[in-house]
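Next up: some structures, all given as structure tokens.
Presented sequentially are two complexes of chain A, the first with chain B as partner and the second with chain C.
Moving on to the complex of A and B:
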């Protein structure tokens, strides 16, 4: 949401090109995210996990109210230089959508490579498993935490900036995806990148196929019934790590 | 440690609540001590959340009217000069919140009139407004709000069933008889569809697809539209807030839909235009309510100009209707010789309509019917060759 607003403000107020605006937005939201880590989540590191979540919801409400204060409650429109319509065979699609798909895949691959192949990525994974353990083997946990939050903020900015031309920019736009994102994470298993990808596909496909072949009015029910079924058999999510905790 | 934290989590909101309650009761000003007396009007509507934009536009109309009236030295009732004040509370579009807000407004500020721009909130307030004696100034074209026999409800905009005839006739004649219906999933949208579809079929049309779109959950309308367009409709029935509705129309065009749109009265053609690239080209063949800026009532140009100056954008009908309503209520209070008794004021609304100065007539409202609905000619507009033209309805 914040990412979309910053991209939009860059484009409208300063007349910067869409792509450059997105890059600026990634940095700004990344920095905001790091600040939040320092101010909110770092002091809570010793607290039970539920308090992180409460804090996250608090931040969500705060940012939403802040956006309404700064930019107003109105629907804003983000234009994109890529809104040509392309028809391939019987398939009609806009260029913006193709860009979204390609960027999403690229970013996913880059993220996965970063987590698996770099030292920094390995540190993040180590810290996610056990903060004290990571600290013991010489990982600077503060630095890693900040980098993690920067990446998370940056990814959020990319996502918001790319999808807003399809929809609209308004303070409550995050609600559209937040529940779905949560479902996807649970479905795929906490902390697993392939799980998140697969979870996303499962949810997306059931919604679309359910809407087409059964009824659009029931698509949420179909998706959530599937969620219940999957969780009945795999309570940890599809790709949950075998970890004892 | 954990307990202490938990306790503080609980305590902080409680303290905040207490502070809020104190702040608002301290700010109570139904009648200030000096020479000028103040009449407080109430408002409960969505000021945060997905419908915040809509709520704010309605509130702006009220605020503009109040500013003007107070700027001109207030108004005189029974030899005493009064000024106006608005007390606005956020209900996030929720009926239960609207009811709670109304209780608060009546108890704390003794508001004789409470504005609310959504049918759910209006109905929730109708449960007790007669006992608590306040007028509900309801901004909703839902006919049900004035069919309950509530003696203190005013329905400001025209009821939507007045649109069925001209919308059906025009679209069927210009595009054909196959209709796909994808209104918004709200109660209001469903009621609209339930009124339109039988009418369409009675007029000899065929409903080829029926579903709905949830603007608070759906990020992308391609799936819904692909399914709707599968059955080759000539006309799409869409509606909801202007901006997402415009996106829906735009995506329908992207998918190659060449027919017409019937647009629910909640969405406004001029606001939709801004979303789809500041041109009516994409909306060719749409039929909907006449946008305020294209209306030609005596008070419209003046209001549009003032609004543009103040907010730097075009006003919609929400602002216009609320603006004119405040003036009507002021005239009604003058005619009633009373600023507190809701029943007296309500009984003189017709006088208020008759006495309304011409330059304030942003809309020309002829009369109030026995159920409390404002009666006026329904204005319908269609997009032809990229321009808004008026369609005359019988």
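Moving on to the complex of A and C:
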């Protein structure tokens, strides 16, 4: 949400190109995330995990109210230089949508390689699994926490900025995304990149098929019906076992 | 090599250790004996920077280290092998060892060599190298914890209760491995409840009671000390 507003403001107020606006937005949201880590999550590092989550919801409400104060509650539209329509076979699709798909896949692969193949990625995983253990092998946990938040913020900015031209920009634009991300995490298992990808595709296809065969009006409900069903029968998540290999 | 000078550590108002002074010389095995809650683990956590001290000084190779962060202390050459092992349970044995060499991450060849040394010391870890750490047995997890600590090439290794929860036969192997690590040049500070086994490999020892050191001496002296025998050896 913040990422989308920053990209939009760069484009409308300063006339900066879409792509450059996104890059600036990645940095700004990344830095905001790092500040939030220092101000909110760092003091809570010894607290029970539920307090982090409550704090995160607090930040969400705060940022939304802030966005409403600065940019107002209206729906805003983001233009894109990539609105050409491309026809492949019998399919017509806008260039923007193709860019979203390609960027999403690229970012996923890069993130996965980063986590699996680099020491920095490994130290992020290590810290998630045992913070004291990470300290004891010599990982600077403060630095890693800040880098993790920067990456998280940057990724959020990319996602928001890319999807804004096909949706709309408004303070509550992230709600549906967050809830769907929650469904995907439950499907794919916490902390598993392949699980998240698989979960994402399952949700996407279920929605698309539901929209076609049941009704487009029920599209967004399908995610939450899935959520209720999964939490009822497999509260630990569908792929949680296999993915903890 | 390592010197604690009147170290006091508090959890809130409660002093977990009071005025603890001890020294470890290069090449030694020094053991800390004492019951649960006597302050051994707190001492270790304080040396490695996980706990802050309320008073006193910790000096390692002529430098004060008690205000340094845990990662700096590891870089200086003190590695803490915790009682609850603090492994990364969802990562494989190999990934755990790799992270153990984190402070030497720029030197790929050294990490490779260290890993080979660890596998030579504990061959079972090589067999299980692709298994997640969380799936190992207690003894194997302890070996992995020690192996991970060795990957950092420590000058001083803090070993907190390596025998806890292990079968007697494994305990014996564990102490043999510790002796071997010491022979290869790593100084060891060991906390143990298994006084008999610990004193048989240690040079000197300190006995903790309620957060204070009450007796100290060479292994022989402690072994012959009537009170120590009664309290920790049981004969």
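Keep in mind that, in the parts below, the second predicted complex is superposed on the first by the 219 of 245 C-alpha atoms of A that agree within 3 Å, B and C clash if a C-alpha of one lies under 4 Å from a C-alpha of the other, contacts with A are read in each partner's own complex, and residues count from 1 in each chain.
Note that a contact is a pair of C-beta atoms (placed from the backbone, for glycine too) under 8 Å apart; a residue touches a chain by one contact, two chains touch by 3 or more.
Since this is a predicted model, take the numbers as computed values, not measurements.
Asker: Spot which of chain B and chain C makes contact with more residues of chain A, would you?
Answerer: B
Asker: Quick check on the superposed pair: does A:232 touch chain B, chain C, both, or neither? Answer first, second, both or neither.
Answerer: It touches nothing on chain B or chain C.
Asker: Thinking of the overlay built on chain A, is A:141 touched by chain B (first), by chain C (second), by both, or by neither?
Answerer: It touches chain C, and chain B stays clear.
Asker: Answer with first, second, both or neither: which of chain B and chain C does A:133 touch in the superposed model?
Answerer: Only chain C; A:133 stays clear of chain B.
Asker: On the A-aligned overlay, A:122 touches which partner chain: chain B = first, chain C = second, or both, or neither?
Answerer: In the superposition, A:122 touches chain C alone.
Asker: When the two structures are overlaid on chain A, which partner does A:215 contact: first (chain B), second (chain C), both, or neither?
Answerer: first
Asker: After overlaying the two complexes on chain A, where does the chain B footprint on chain A coincide with the chain C footprint?
Answerer: No residue of chain A touches both chain B and chain C.
Asker: Can you list the residues on chain A that touch chain C in the complex?
Answerer: 119, 122-123, 125-126, 129-130, 132-142, 191, 244-245
Asker: Using the touch definition up top, name the residues of chain B that touch chain A in the complex.
Answerer: Touch list, chain B to chain A: 2, 5, 9, 47-50, 52-53, 55-56, 211-212, 216-220, 223-224, 226-227, 241-244, 247, 251, 254-256, 274-275, 277.
Asker: Would you pull the chain A residues touching chain B in the complex into a rising list?
Answerer: Going through chain A, the ones touching chain B are 47-48, 51, 54, 64-65, 68, 72-75, 77, 79, 85, 87, 92, 94, 163, 166-168, 170-172, 175-177, 207-208, 211-212, 215-217, 220.
Asker: Over in the complex, which chain C residues touch chain A? Could you list them?
Answerer: It comes out as residues 48-50, 69-71, 74-75, 79-82, 85-91, 95, 98-100, 102-103, 105, 132, 134, 148-149, 151-152.
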